[in-house]
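Letters are used for the chains, namely A, B, C and D, taken in the order the chains are written, and counting of residues starts over at 1 for each.
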Amino acid sequence: KDYEQPLAARIIEVEELTKWSFYRAIVAEFVATFLFLYITVLTVIGYKSQTDATRNSDQCGGVGILGVAWAFGGMIFVLVYNTAGISGGHLNPAVTFALFLGRKVTLPRALMYILAQCSGATCGCGMVKAFQRAYYIGYGGGANELSQGYGRGTGLGAEIIGTFILVYTVLSTTDPKRNARDSHVPVISCFGMPKVLAPLPIGFAVFMVHLATIPITGTGINPARSLGAAVMYNKKKSWDDHWIFWVGPMVGAAGAQFYYEHILQAHLTLYHHHHHITR
Amino acid sequence: KDYEQPLAARIIEVEELTKWSFYRAIVAEFVATFLFLYITVLTVIGYKSQTDATRNSDQCGGVGILGVAWAFGGMIFVLVYNTAGISGGHLNPAVTFALFLGRKVTLPRALMYILAQCSGATCGCGMVKAFQRAYYIGYGGGANELSQGYGRGTGLGAEIIGTFILVYTVLSTTDPKRNARDSHVPVISCFGMPKVLAPLPIGFAVFMVHLATIPITGTGINPARSLGAAVMYNKKKSWDDHWIFWVGPMVGAAGAQFYYEHILQAHLTLYHHHHHITR
Amino acid sequence: KDYEQPLAARIIEVEELTKWSFYRAIVAEFVATFLFLYITVLTVIGYKSQTDATRNSDQCGGVGILGVAWAFGGMIFVLVYNTAGISGGHLNPAVTFALFLGRKVTLPRALMYILAQCSGATCGCGMVKAFQRAYYIGYGGGANELSQGYGRGTGLGAEIIGTFILVYTVLSTTDPKRNARDSHVPVISCFGMPKVLAPLPIGFAVFMVHLATIPITGTGINPARSLGAAVMYNKKKSWDDHWIFWVGPMVGAAGAQFYYEHILQAHLTLYHHHHHITR
Amino acid sequence: KDYEQPLAARIIEVEELTKWSFYRAIVAEFVATFLFLYITVLTVIGYKSQTDATRNSDQCGGVGILGVAWAFGGMIFVLVYNTAGISGGHLNPAVTFALFLGRKVTLPRALMYILAQCSGATCGCGMVKAFQRAYYIGYGGGANELSQGYGRGTGLGAEIIGTFILVYTVLSTTDPKRNARDSHVPVISCFGMPKVLAPLPIGFAVFMVHLATIPITGTGINPARSLGAAVMYNKKKSWDDHWIFWVGPMVGAAGAQFYYEHILQAHLTLYHHHHHITR
């Protein structure tokens, strides 16, 4: 075996808890998820207010659903880029859950990240509500709900597959053991370089899933995003469907982790030439 | 001659069939094509349902044809990035055909990839149909057809040139022998680095062709995509035109392969400095 | 300590003033800010004239607010890329202010940059006005103002958080000391390479903030942009709100600089392997 | 002086004419310009036919002017990427003219490139006309003309500044002598790597200029594009304004070349550390 896999993270590592970098990472997750929800929900509310036929004659005046999808995907691109070196750029409990299943993070880190993400998202939505209370409540508060005409099974399925795409992309673009042997579009790493590009496909994956599933559920694929909006909007319909936006993403994340570890990574060996260089 | 070209793949290589990496690549092609059709056809159906004047007063409400074009191009970017190191990221029988003509893949691999792509695409469309049967049938099922007012010759021509652009981009961005000598925008490789960027222009090529030819044929340039949608939609008109979406892409792919190998690559020698570094 | 931080810039460095590269940088900031305002304000005016219901029956005819947001973000991407090697690609007094607070630029350089940015922006708006005087005045001159229904506190808050996102992205993507130790999306540098990608997330950050806050203030987050438009448009309303577009960005920039230096960078040590390579 | 500038190209180099790579580059310029005009003009015609109020009730149905701007910018990104290693990826007589002024290409190469670009563009427009004659003529053939209400001076100015932005970006992103000394967003090269990214800002520059000037002239900034469309459309109005689309781009290109060579490059010295590495 010519490649030494990094040791799997232990469930609990006491030493980790004594380091500033651990707490700094939690702060970075909180701030980034705050900014993520602030920008995206503000975009949703602004779009809905500008195209409201009862207030405005110009129904094409806002950024469109395409603009909303860009807001979600683009913010993930920017914020993963910014926080990658500090916290790994999870920004999503489903991503943290998948990396915990893959033994890439310890249990305390996973729990603290998820706590930071959920409170950051809630504060981000709260900031939008504080800025424009009437609009926030009148235009749905950016909360995830099943759209009329779609059943719970469809909503759950859409969340599962959507999160599968996101987590599959996160794992594929950040794995240090990518094997280029069978590739005609080789993705060989140069001193770890290609990973530098990972935030772009991750952001695009989020953009893509929003294009497809905004009409169905408004697109969750991130339980912190769904929770924060539900807490601040706090309407019955939004809480009734809320379980979908935890069960769906967690099942999708676990599925992507299983697919990645047990199908794609099985029997993986490293490209010799590459190995030689990175030594 | 200062550059040793990789040996052309044999038509059949028995050893290949005994390796897990061969079967893993087939699984990866199936899963990625499934996800590709799932997201893109869901985007098409969602767009059409949101802008249906008979159901909805807001004709600007969906992601627009621009959003549909982004869905096709963006998913190819994400999925080529994700599968490049596993299967080469073909996701398209026309791409596989061109690489087989160029002796980059063996015949069994080409056939198995095409089979995986076609069944993945069919299952992806089937998932959309299962989610929302009424919408799927009512809004055309994402199937490729000649639009009213366009003849078969025009549709075939559009498919040929569109696939030529895609395959020309795939070959140009992944060729290990790119020669920077005449270039004022040099694309010199650093330990194989530039190829890392290949998924972006490939995804953009798909995006561009969709912008131009959605009004004509809905844009195929990928026989697996056209077949999967035709099987699940299963209407006479869609089957009548179906040959266009196999003949066009295959002719375009063969043309791009010929252009690349016999015009652009002819008498190619490598930039000495670069050669020196990559040794 | 295994990493030698570059010395903080002195407040004043006399030698700097004797070098051509200092004056060249000022010219580059002027020209780039000129081009930035020219393209973006022309896009705003063109969009508003094409969708004016009193002149034109096609309300979907322009590039949309999404196109306007792309113009701002895309120009920053292009111009930061072009000027990064000459002036550092600030193009924004708030960015210059943050880098001055962080002791990355001297006081004379900061003042001269801000002067160049403000006069470049004014000339860029003046060029648009010269091209199409009637349209420029009739369609708001690209000036930043509080939209109807939003209070000063909301506008100020939107500018503060928007600029925080931009400056946080600038600092995160260009810091030579990024630490990849805790990262699962590592952003390790290869001879300084990752920074090459910095203009893309910076441009996207600008794009994102515009998606969210165009409905509120038209989006400033750049005092030179707001000043240039206000000077050329020169209406009372635009001057009344003008202080928001200086106070907001400067507070946001200082906040991002504080967050970056005192939270994220604290106790930072470099990844040993990386250190070894870059020596 | 610690950097050896590549020798300026002679006006005529006889040896060049005996090499296959010279003729291959001309073919590549022809094919790429053909594909550029084919996709972009098809997008324009398709957009106009889909939003024609006399034929279609859905005025928001097409890709929008934003989609048209993406078609031009995106195709330049893809095609510069594809041809950079073969011909340098000019695809535009104004770019070729600037590189000739900068002594980067010989006179015969410049003339042959311009000839190839103009004939490729004409054939690309001809292909669109052959596909859909009635639409092509009815919807303006993608030809550049002054829009109603804009004077010749405005159109000429828009072409000059637009081409300045494009050529300034081409020169900035491909110059081997970029100096990172003053930069806080360093763009240091790693074995020539950063240039790999050049096609993206170049494509974005084209996208940006289209967002701003489509309402004025339809955006030329490429005489081959304007000539090809004028030849195939062949209406008096289009020929009357045609000189603007040669004089404007050539003046803008010469201006950008002058700015780059005499202001930005003056007294340039190379970053020592970098120099050491690239030796």
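The rule is simple: a contact is a pair of C-beta atoms (placed from the backbone, for glycine too) under 8 Å apart; a residue touches a chain by one contact, two chains touch by 3 or more.
It should be emphasised that the depicted structure is a prediction, and the values quoted were computed from it without experimental measurement.
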Touching both chain A and chain B (chains): none
Cα superposition of chain B on its sequence copy chain D - rotation in ° rounded to nearest 5: 90
Same-residue or different-residue interface between chain A and chain C, half as cut-off: different
Interchain centroid distance [CA atoms averaged], chain A/chain C, Å: 26
Inter-centroid spacing, chain D versus chain A (mean Cα positions, whole Å): 37
Two or more partner chains touched - positions in chain A: 59-60, 64, 66, 173, 190, 193, 197, 200
Chains grouped in pairs wherever the two touch, ordered by label: A-B, A-C, B-D, C-D
Contact set on chain A toward chain B in their complex: 51, 53, 59-60, 64-66, 69, 150, 154, 157-158, 161, 164-165, 168-169, 172-173, 178-188, 190, 193-194, 197, 200-201, 204-205, 207-209, 211-216, 259, 263-264, 266-267, 277
Residues of chain A that touch chain C when the two form their complex: 20-22, 24-25, 27-28, 31, 35, 38-40, 42-43, 46, 49-50, 57-64, 66-67, 70-71, 74-75, 77-78, 80-90, 99, 104-105, 127, 131-132, 170, 173-174, 176, 190-193, 195-200, 202
